[in-house]
Amino acid sequence: MGEAMAENLLKAGHRLTVYNRTVSKAASLKKLGASVATTPAEAVAGAAFVFTMVTDDAALEELCLGPDGLLPALPAGAIHASCSTVAPDTNRRLAEAHSRHGSTLVATPVFGKPDVAAAAKLWLAASGEDSARRKLRPLLNALGQGVYDFGDDPGAASTVKLCGNFMLGAAIEAMAEAFTLAQKSGLDRQQVYEFFTSTLFNTPIYKGYGKLVAERHYQPVGAAPAIIRKDMRLVLDESRTHLVPMPFANILHDHLSTTVAKGEKVDWAGFAERITDGAGL
Amino acid sequence: MGEAMAENLLKAGHRLTVYNRTVSKAASLKKLGASVATTPAEAVAGAAFVFTMVTDDAALEELCLGPDGLLPALPAGAIHASCSTVAPDTNRRLAEAHSRHGSTLVATPVFGKPDVAAAAKLWLAASGEDSARRKLRPLLNALGQGVYDFGDDPGAASTVKLCGNFMLGAAIEAMAEAFTLAQKSGLDRQQVYEFFTSTLFNTPIYKGYGKLVAERHYQPVGAAPAIIRKDMRLVLDESRTHLVPMPFANILHDHLSTTVAKGEKVDWAGFAERITDGAGL
Amino acid sequence: MGEAMAENLLKAGHRLTVYNRTVSKAASLKKLGASVATTPAEAVAGAAFVFTMVTDDAALEELCLGPDGLLPALPAGAIHASCSTVAPDTNRRLAEAHSRHGSTLVATPVFGKPDVAAAAKLWLAASGEDSARRKLRPLLNALGQGVYDFGDDPGAASTVKLCGNFMLGAAIEAMAEAFTLAQKSGLDRQQVYEFFTSTLFNTPIYKGYGKLVAERHYQPVGAAPAIIRKDMRLVLDESRTHLVPMPFANILHDHLSTTVAKGEKVDWAGFAERITDGAGL
Amino acid sequence: MGEAMAENLLKAGHRLTVYNRTVSKAASLKKLGASVATTPAEAVAGAAFVFTMVTDDAALEELCLGPDGLLPALPAGAIHASCSTVAPDTNRRLAEAHSRHGSTLVATPVFGKPDVAAAAKLWLAASGEDSARRKLRPLLNALGQGVYDFGDDPGAASTVKLCGNFMLGAAIEAMAEAFTLAQKSGLDRQQVYEFFTSTLFNTPIYKGYGKLVAERHYQPVGAAPAIIRKDMRLVLDESRTHLVPMPFANILHDHLSTTVAKGEKVDWAGFAERITDGAGL
């Protein structure tokens, strides 16, 4: 994901220094002209902007505040585009650390799979301090087809991202239940999928994930169940904090949790098998 | 709904006799050239095709088999397009009665609201005996923008219709949970709605129902909660018969049930208030 | 179940004619002095009271109203103790048929397993026409340790029975979730079971079903999953009719449904495996 | 709660120094012979044992490690009986801090309401380092009617406590659903309560909480909804960490969350109103 985004920044003419824990992953970007750093601190030396895309909250905190972390090395006035799916409070807390340091964090989660990122067709949400958000805008524009502002709270865009992943999961579960009912009623699962995604639910989301559900073939793995289970847990943590009952989110989390507990090597949409399996298919 | 469909049949040049329990409802169709019958039996005298669109299974059975019902009066070889949202078994049972009578029932449920029907933009699913389905096709084409065949089982298209209403309900619930979480996190409900329906969920379904959820204003009433609660009960009846766990459907049914129990005069999407109310808003 | 109850009626000094579809099942009762009939009609000839205990609503209706059914053969003034777990409306409808016939149905569902029945330790609920209920009382007293009256509605006691089976299921599910969490937290499943059933939940219900859940050994089969799934469906049918959200009942039904769909040959409490299996154990 | 327990320690002949943030709450214990300290540190000076009973994890950590906290002041070799309902990891973490300090923490959560504590009828679970657990045993015996050992892991007894509160909540929800269904079916809520708590569920737990549910009168407030909602959140946190699907726990949490969001001033069992309210009563 990060690689596709980095490529688009290079294509847009920006100078780029990259860092990845696994050095080999930076090789192709090096060929495209990126410098390669061996620590986060080295990567941000002299930078006006830094983009981060990591797996979870702990990885982001380590990257910023851990040994050779980027924050202490960041030039004053620099702007950090925090692209990972993390808890709103993680971005808020890091934004405060930035503020003390003299830099700024803007939460800039992205919506789309790696192939969407490669095509510079991501959707982005952005929130954080106003002037930093404006300065960052041209770079974000290079990454996707639309950037939406959600105000000054650096946690806000993270909340939007979590809501989005939740809504994707709900669409997948709805298809899993509907297609399985149709199948056990004697209908063709694939035909029902084609009907709905040609008519009422004619969108890339339903078409893309629905295909996996219709075929019951959850390969290749776009995002592992454990990653999105973590996202659903963040959704539920927010729902707990804000006292919002979210019965659908509970179900999604539990289905993903079982998929992880069973060690299934599938795309996260494979949690749809909880329904087909539960129906004895 | 039935009126809009009848208008499109007239526009397509068909001769039409209409029947409604409330005679006044047929007045505007009369102006457009329809004959008006005072009983179902009278309406189908001499007809090659008959369309029915009623509220529930009991109304459909009454219309076909009750006093002055249409079935005994139907000419041999006639075709009955059964458009209502009913249990698959209701259409199967009536199809058998037709078969004994020498006529044929084709299940032809429609997808879309009355304004969609008026614009002849419905989507239709059709299932039932093959040759009857083919003869019926030109008439169905006049009603919508696409007709999809689901084979010979006269219950099959009803199952597809139930799956569709379930998937709509799931989309509404997902938005209710997401928008409420966003709102209680300090975001603007309307802005979150606009973001998602401009990007990942850019479809008339999400835009239309999502607007009601975002504004928490569930007027005008397109379909009453009691009507769609009945549909969700049919979904659950099917899920029970076929041993398919449908946790989302359970939740939708219970939310609609509460909306009916409280006597709320709203569109069925108003069940979304179960979440906002449950969050103390 | 019926056999154990019949034995207690014989022990109490009553004359008894028995009928079972499988004639061999009546052999041991014959040894104890019962007459054996070859049809329901023959069994009730000349009887003042008749007890029925069958698997489901269809079996009960067949027994009463089917070929050689008991109702036409029942002497005027006789009382039918309807012991099966059926829909309240089934008992109500049969009570009306009795009324037309000149006899009376009293719903008398029983609580307890076969070994409890054998020990005459059942609990009974009774509802139906008042004087019939009073006349029936001495016979019911011979079957258990307590009879509770629920008034004139012949459906009322059935509702109570359904509530009871639901509450049993809820206790089993609660133990399944708690014991599984404890086990995955490093505790001994058995020890946690012993703690709770020695302290807060020190009752035969929790001890008996909890033992199965703790040991994950659901043998012997007291009642098959399909039987109790049917009961949970009746619970949900009632909840739908009366507009009562029952989220726990939804979960129990779905777990039992999966257990049936997978063809597991276990006691109904084996639905607890849905949780342990879902946790990857 | 703590007061009742302290009284029993005094009655058993122990010398006791007490501390409460609200000094006046210690007045009655002072009359009974307790010394009163003005800080946690002062309270534990010279002590061989210390008991803590506070509202949540943060309060416990503050009490131990905050300003004038007890841990730095605790004599070497002393034993800390940690009675509060907290996350297993909180007790584990504090146990490590004790270990570094030369003292020992034993998790000793208690089961029972304040009146049960006053009668020295609590049930206790204990886990932590073996020899400390044995030394603590005589004091625990003075507090209740039974102490159960759960091994060396200082988090284990906390898990058991969380499981217990979850099982209580499940019993309450089950009664709420059953009694509401019975009521809407025309039965008397109170009578159904009496039947079940005289027969299958004849235990103080079902009788005590069931009375509140039957009468729909959730006073006085034994424990506030916010307190037990916190407990259910801890249950869910554990279930997430250990990948255990807990659908009942999800429902309990959401019902308590709504009760808190609506600001209802009731005992925590008042979450049962989510069902009666949802049924339109």
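Note that the chains are named A, B, C and D in the order they appear, and that numbering of residues resets to 1 at the start of each chain.
Please note the rule applied: a contact is a pair of C-beta atoms (placed from the backbone, for glycine too) under 8 Å apart; a residue touches a chain by one contact, two chains touch by 3 or more.
This structure is a prediction, so every number in the text was calculated from the model and none was measured.
Steps from chain A to chain C, taking the shortest chain of touch contacts, total 1.
By residue number, over half of the touching pairs seen at A-C are also found at B-D, the match among B-D, A-B or A-D. When the C-beta pairs in contact are tallied for C-D and for B-D, the bigger tally goes to C-D.
Chain centres were defined as the mean of their Cα atoms; on that basis the chain farthest from chain B turns out to be D. Chain C has its Cα centroid 39 Å from the Cα centroid of chain B. Put simply, the C-alpha centre of chain C and that of chain D have 37 angstrom between them. One finds 52 Å separating the Cα centroids of chain B and chain D. Contact with two or more other chains is made by residues 243-247, 251, 254, 257-258, 260-261, 278-280 of chain A.
Those residues of chain D that touch chain C in the complex are listed here as 88, 111, 123, 125, 146, 148, 150-151, 153, 155-156, 159-160, 162-164, 166-168, 170-171, 173-175, 177-182, 184-187, 191-192, 195-196, 198-203, 205, 235, 238-239, 242-249, 251, 275, 278-280.
Contact residues on chain D toward chain B in their complex (touch as defined above): 247, 254, 257-258, 260-263, 274, 278-280.
Of all the residues in chain B, the ones that touch chain C in their complex are 233, 236, 240, 243-247, 250-251, 253-255, 257-258, 260-261.
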